[in-house]
Amino acid sequence: MSVLDRLMGSLDSVKSGIVKSRSVRRADRLAQVLRTLISEKGEATGAALARRSLLLYGGLDEEGRRHFFELLARDFSPDPDAVLAAAQSYHRDPSPSNLSRLQRVTEPPRQEVFRRMNMAPGGTATLVGLRLALLNELKASPLLEVVDQDLRHLLGSWFNRGFLELRRIDWRTPAAILEKLITYEAVHEIQGFPDLKRRLERDRRCFAFFHPALQDEPLIFVEVAFTNELPSEVAPILSMDSAVGDPKRAKCAVFYSITSCQEGLKGISFGNFLIKQVAADLHAELPNLRTFATLSPIPGLRRWVEKIVDQPQRWLDQAPRIALKNWLANPVAAPEPGTQLFLASLAARYLTREWDHGHILDPVARFHLGNGSRLERINWGADKSPKGIKQSFGLMVNYVYDLDDVERNHEDYVNKHHVVCSSAVERQAASVPIGAAEQTPAAASSAA
Amino acid sequence: MSVLDRLMGSLDSVKSGIVKSRSVRRADRLAQVLRTLISEKGEATGAALARRSLLLYGGLDEEGRRHFFELLARDFSPDPDAVLAAAQSYHRDPSPSNLSRLQRVTEPPRQEVFRRMNMAPGGTATLVGLRLALLNELKASPLLEVVDQDLRHLLGSWFNRGFLELRRIDWRTPAAILEKLITYEAVHEIQGFPDLKRRLERDRRCFAFFHPALQDEPLIFVEVAFTNELPSEVAPILSMDSAVGDPKRAKCAVFYSITSCQEGLKGISFGNFLIKQVAADLHAELPNLRTFATLSPIPGLRRWVEKIVDQPQRWLDQAPRIALKNWLANPVAAPEPGTQLFLASLAARYLTREWDHGHILDPVARFHLGNGSRLERINWGADKSPKGIKQSFGLMVNYVYDLDDVERNHEDYVNKHHVVCSSAVERQAASVPIGAAEQTPAAASSAA
Amino acid sequence: MSVLDRLMGSLDSVKSGIVKSRSVRRADRLAQVLRTLISEKGEATGAALARRSLLLYGGLDEEGRRHFFELLARDFSPDPDAVLAAAQSYHRDPSPSNLSRLQRVTEPPRQEVFRRMNMAPGGTATLVGLRLALLNELKASPLLEVVDQDLRHLLGSWFNRGFLELRRIDWRTPAAILEKLITYEAVHEIQGFPDLKRRLERDRRCFAFFHPALQDEPLIFVEVAFTNELPSEVAPILSMDSAVGDPKRAKCAVFYSITSCQEGLKGISFGNFLIKQVAADLHAELPNLRTFATLSPIPGLRRWVEKIVDQPQRWLDQAPRIALKNWLANPVAAPEPGTQLFLASLAARYLTREWDHGHILDPVARFHLGNGSRLERINWGADKSPKGIKQSFGLMVNYVYDLDDVERNHEDYVNKHHVVCSSAVERQAASVPIGAAEQTPAAASSAA
Amino acid sequence: MSVLDRLMGSLDSVKSGIVKSRSVRRADRLAQVLRTLISEKGEATGAALARRSLLLYGGLDEEGRRHFFELLARDFSPDPDAVLAAAQSYHRDPSPSNLSRLQRVTEPPRQEVFRRMNMAPGGTATLVGLRLALLNELKASPLLEVVDQDLRHLLGSWFNRGFLELRRIDWRTPAAILEKLITYEAVHEIQGFPDLKRRLERDRRCFAFFHPALQDEPLIFVEVAFTNELPSEVAPILSMDSAVGDPKRAKCAVFYSITSCQEGLKGISFGNFLIKQVAADLHAELPNLRTFATLSPIPGLRRWVEKIVDQPQRWLDQAPRIALKNWLANPVAAPEPGTQLFLASLAARYLTREWDHGHILDPVARFHLGNGSRLERINWGADKSPKGIKQSFGLMVNYVYDLDDVERNHEDYVNKHHVVCSSAVERQAASVPIGAAEQTPAAASSAA
């Protein structure tokens, strides 16, 4: 491009009132490459074009990416006229060829764009990163939702359980992977390599799912401790100085941390598979293990308590509400035993009867109960870290995975909106003098 | 089930006039499991159900499979009413939510069925096998085409180039894989391990694509020989007794055999990627290589010659036609030089000007020309094996891959319906006294 | 070197009556390099010199090698004067420094030569090959024995069990290794890859020892078949068409072939370790296995029978001797049952009471009995191959490895010269009317 | 053992005046097992006995080990009478059989003990640990030297360069190995994983030798930095915050740290091989590298300066000596430029002309000069760490490895006792007004 050409181009832009930035022009060029990429009648140059598209995408800044996403939303959606015509034909005659045409015209061309981009080296990693960037734009630009639907659909298909590899993580694992666990860990922070090393000793286990196209990138990982009994406190598990136990004598496998690593894969669920696979494998390796359970946080407890304490109408008895309100207003180092019991009962209530759109409100409870676990025990003083105090007064909970029962528990949860729990938790939940939530689970469910 | 129950069941079947076989009943049960599998609101029991479905499918005989495929075609297609309603909404307002709903109701539930089946161990291999079984049913039951569309779509997405691994095959490769090459080889039969060993010496190369979910199963492989010049005959390349050459002194890399291994992946193309990747890799490893070319069969030549010889109207001069017809009727051991030249010219004609629906008629030519190669030379007496004589009078052809030109060649072929070839081949093709094919390439293309 | 120099050199050689061949001169040069290699006060150039020595050795022909071995024997032996002086000092005062000096002057400099040669890439393989070449010279030149002593000593130390790796061989093993098994197999010939494949199915096992410095080179391998009972015939085990059994239901693990691969490692024993390690590993993997036994040839039986039949003085009864002599002279297709029984008894006699220098005469018996196995059963018609008939009238024998007893059996064999065998074999051996061998085991032992 | 028995045993011990501790008795038992292990005529029970011996050794405490070493020294040495007789025979007639006998009786039975112990799993690691324990005893018990001679001999043979594997260490290396580098690093301490990570970036390299029998145990490792010029300071190389450079543009590969890891392998040299191999490999990989050099400490400099300053008789001029003495007595933060130059000249002198028993006094200089490197430059202020100031006033030195010259340099060093250095260093060394060391290198050499 000569200097003159470039000057004229600039003038054109100025005349049209829009001076596009370099990155936005790169986004336009990228969209053009992608149109060629998917319009090719053959595939002869697909690999080269795919590589070029990744390079161009990699060169975009935030503004360029936003522009590119908008192009994807606007120019790579199905044509409404063609869709309607194909739907009418299919409605008249659901023949293979009509169905084939329907499929072809309703699938957004974006999907083929992403499939083609994936063909270049590093394509999958780029698309996972692209989705992360897209998610960050989504709040400001809800119309980009259509792009995300396609990406989520494709990534969901590509990261199908059948393509994932379960790997044990131990001290012989490459440091490059261990470093990522340290970075990603979201439940109980890992304080560097020596801390991680203790979590990989022989009375601990760590497993992660990997995808063959994302080398050295864990998708999700779970940390397990072997203990003699269902644990009521997390500090002994996290302590770096504890004696290393004998896995062959342990009774209980405790899933004390589970972390999803790739924000770009948000909404694609691996955790359920991971926990059950690990439980089944450990059961086969160590027949001495009798109980498979978690020691889990209750991330939404305090927020819910602080809300409910200001809703007198839900309380059958105002005295405990006012006492609670006073206690919340005057944080004392250690609450009295009575307050402790009451908070534990509130937690039982929160975890078993507070529904939202067909799911239990608390996100961690929702995950484990949806997987078919049983809510076994609520533990006072289980997590005394500032974070633990802040989100749940230091309370934690054990969910028990009994592989023979998960199917039934899951169905109770999904179909009957019933949380399976121990009788102790049941009693705690029943003891709280507040009425049902405004929205019944059934109503919630039918609205879902 | 008691004996009485079974008896009553049989009576019911008899009364309704249909006694279902055990395998057909298993297919019904399988369909039922799959309905549950995809109706699950959660995923709690997905892994177990998926495993069960693979077991049930594995137990079907041919009749059971046919019945199962019919159920898939009939019961797992999109609902025409829902499709029409969603299309109308999207036509009125192409909002994200309307697009999302459109996608959801037009995607055949079969696709989710296959994605779920894939979650069980061995799922991918089962689905590739299932597609092969389906292809075998397709001719007799064209309505099953809808099932195949979905499977092909999914497998195409899953076997995306980005997920394939290119591996070099040599004498250190596990015997289990080498044995499969011997079994699959479709161009020049491999006569057991010693034959294969010669094809893996240091003046030869073999590469294959693998997919992580199909361990030890090559998808496609290519065999390469290093030579000093563009070869005109295949026998020296296949000879087990030839001296092993020095790869660092070779001038030419000859792709003399390329075989797709998985019939269940029919229609999903890997060959284009494989050849270009291998050419690029060899170019980097051995800068002494100047020419990347094939020595390829012309599988449809004789069939076409035998047809054209009976179409007097296409001939501008009947004398050579009649001479050819006589020669074809009286097979002589070795044709005269004049006949040889004439057959070579006919081959040039056949490979450059006989179009069918926008593609050159010959399937091998179609593949290489579509990839952007150049038709370089037609070789008489190149394949004297019975198969070679039978399909193409022993003629073979060199296609040259010049990586700098493939893009332009490809576009000439696809857009201008022009076969890029050497001037020698051009002259040969022009020398044949017959007129253009009935269907012009342009017409063909617009009909595609 | 100028033409003139070379001419003068030739004249010198002629004058001295010796015209050395090119290879012999290369051997001289090699010896010179090796002297430098071990005389170096530092190690700075060791790696380069070691590489040069391997190159020079590789260029020697048979004559050159012979000359080189003679130089090694003559010029790299300990100096008798220095040895005597050091021995006298040590005798006077066995101090550390005197012992150190004694060690230094009695170790032949050859050993350091071999250690230095080993430092170059491929050194170990070269030295194993060098020993093979040396063994071939040994009969003609017994003085080279001193060189072999040193090589055997070093190789024995380097191929110490602690450095060997036991690997399972199966159909996923690289073809390059499988091909070597086919080549090396010494007991029951393997007829190509399909035959080997049957021997690697799941009702068979194959294990080999490898050394890290000899990549892809098995040192010794054993083939195992899983059967329901102690086998009396080898043909069913070798049959390629037999049904594949379930290893979890087998009762017996039969070691039916054991082959040492490297002639250059002759005299360095791995077999004992291999059999016991494999038996222990299989026992742990498959608790259903009750019996670990061989089905072994009796390679020296016919030779011994033909000798003994001509020694009337050893027979207490001449009638059976003469009958046997007649039968041997008139080979009939199938011997009568009486002859069969008699031959089996002779075999029992041969395997339990014919000693030679403290060992049982038969080399296979010597190996297994020395390992502590029990001679369990002699099987008529067990190996009907020409080789089997030729060496042992088709007889084979089962040695049983009972891991709890091998230590005691071994001590009985070594210290009491008693062969542990079943009572049936004991009876057979006792029934033969011949006297004790000329040499008693005790005498043999004390002469050893 | 009953209480009474034990009491009686104690009484016996008391009576004999020796009450052996439990560990000493275990050492006796171990020696007994080892006698059996090497006396076995066969090998049938070798593996079991070897395992038992490792167990017994593992159970010894310091006292038990000392006793065991004494037994090894006393009871497993060659018999002086047998040695003398064999030496006399060999002196009379140096035949193969006499040489064989000589070898047999002069080799201490300890060597066979160690070879047999090595056969058990973990044997090699145990023997390396045993040697370390032995080295710790050696100062107090010089008679144990005979045991060490044998161990060093065997380990030297087993850890022959031909059996070592060179591996690149990077961030994908198992954490278990990286942790060991952090522990072992002896030159420039590694401050945990993040520090090590910087040393493994792409403008750095790390290589280690491993032995197949010591999994995950580096024997020696070298750290390399790529720089633009010969470095005069170590801090920029060690800085964790420095920008990562492009290895393809570097001019210089700096070996800035080399550490031997296994104290139990003391005296067995790998460093020479490692540096040259790494230099050759880097040269092949990155042709842009022109200089291969070290940045090395001068560990003995201050000690030598402090000694020489008190030897007036060696000085030709007392003024600088007295000035130096004063400066040493009154440490000032930063010495004046004049003092700096003088100290650098003293270092040049120290590194080129101070010999001890045929070697340069400084251990690091001895290593690199013995390897054939050239002393290139002395750098003031190169290592300002407390350790660097303390041992060498912060001075460091570059040794250059020019692979074409190492052989000649090495020979100059070893045979002519001449240190090859740059003319600048030569001038510095010559400028110091002190006379030759008392002991000339030649004298030292002849005394060695």
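Per-chain residue numbering starts at 1, and chain names A, B, C and D are given in the order in which the chains are listed.
Please note the rule applied: a residue touches a chain if its C-beta (ideal position, glycine included) is under 8 Å from a C-beta of that chain, and two chains touch if they have at least 3 such contacts.
As the structure is a prediction and not an experimental result, all values here were calculated from the model.
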| item | value |
| --- | --- |
| Chain labels contacting subunit B and also subunit C | none |
| Length of the line joining the C-alpha centres of subunit B and subunit D, rounded to whole Å | 63 |
| For subunit A paired with subunit B, centre-to-centre distance based on mean C-alpha positions, whole Å | 39 |
| Centroid spacing, where centroids are CA-atom means, of subunit A and subunit D in whole angstrom | 53 |
| Residues of subunit D whose C-beta touches two or more other chains | none |
| Contact graph of the chains (line, ring, star, complete, other) | ring |
| Complex contacts: residues of subunit B adjacent to subunit C | 171-176, 178-179, 192-193, 197, 216 |
| Complex interface listing, subunit D residues touching subunit C | 40-48, 77-78, 80-81, 83-84, 86-88, 90-91, 94, 96, 99-100, 102-103, 106-108, 115, 118-121, 123-124, 142-143, 145-146, 149, 153-154, 157-158, 160-163, 165, 212-213, 269, 272-273, 276-277, 370-372, 406-407, 409-410, 413-415 |
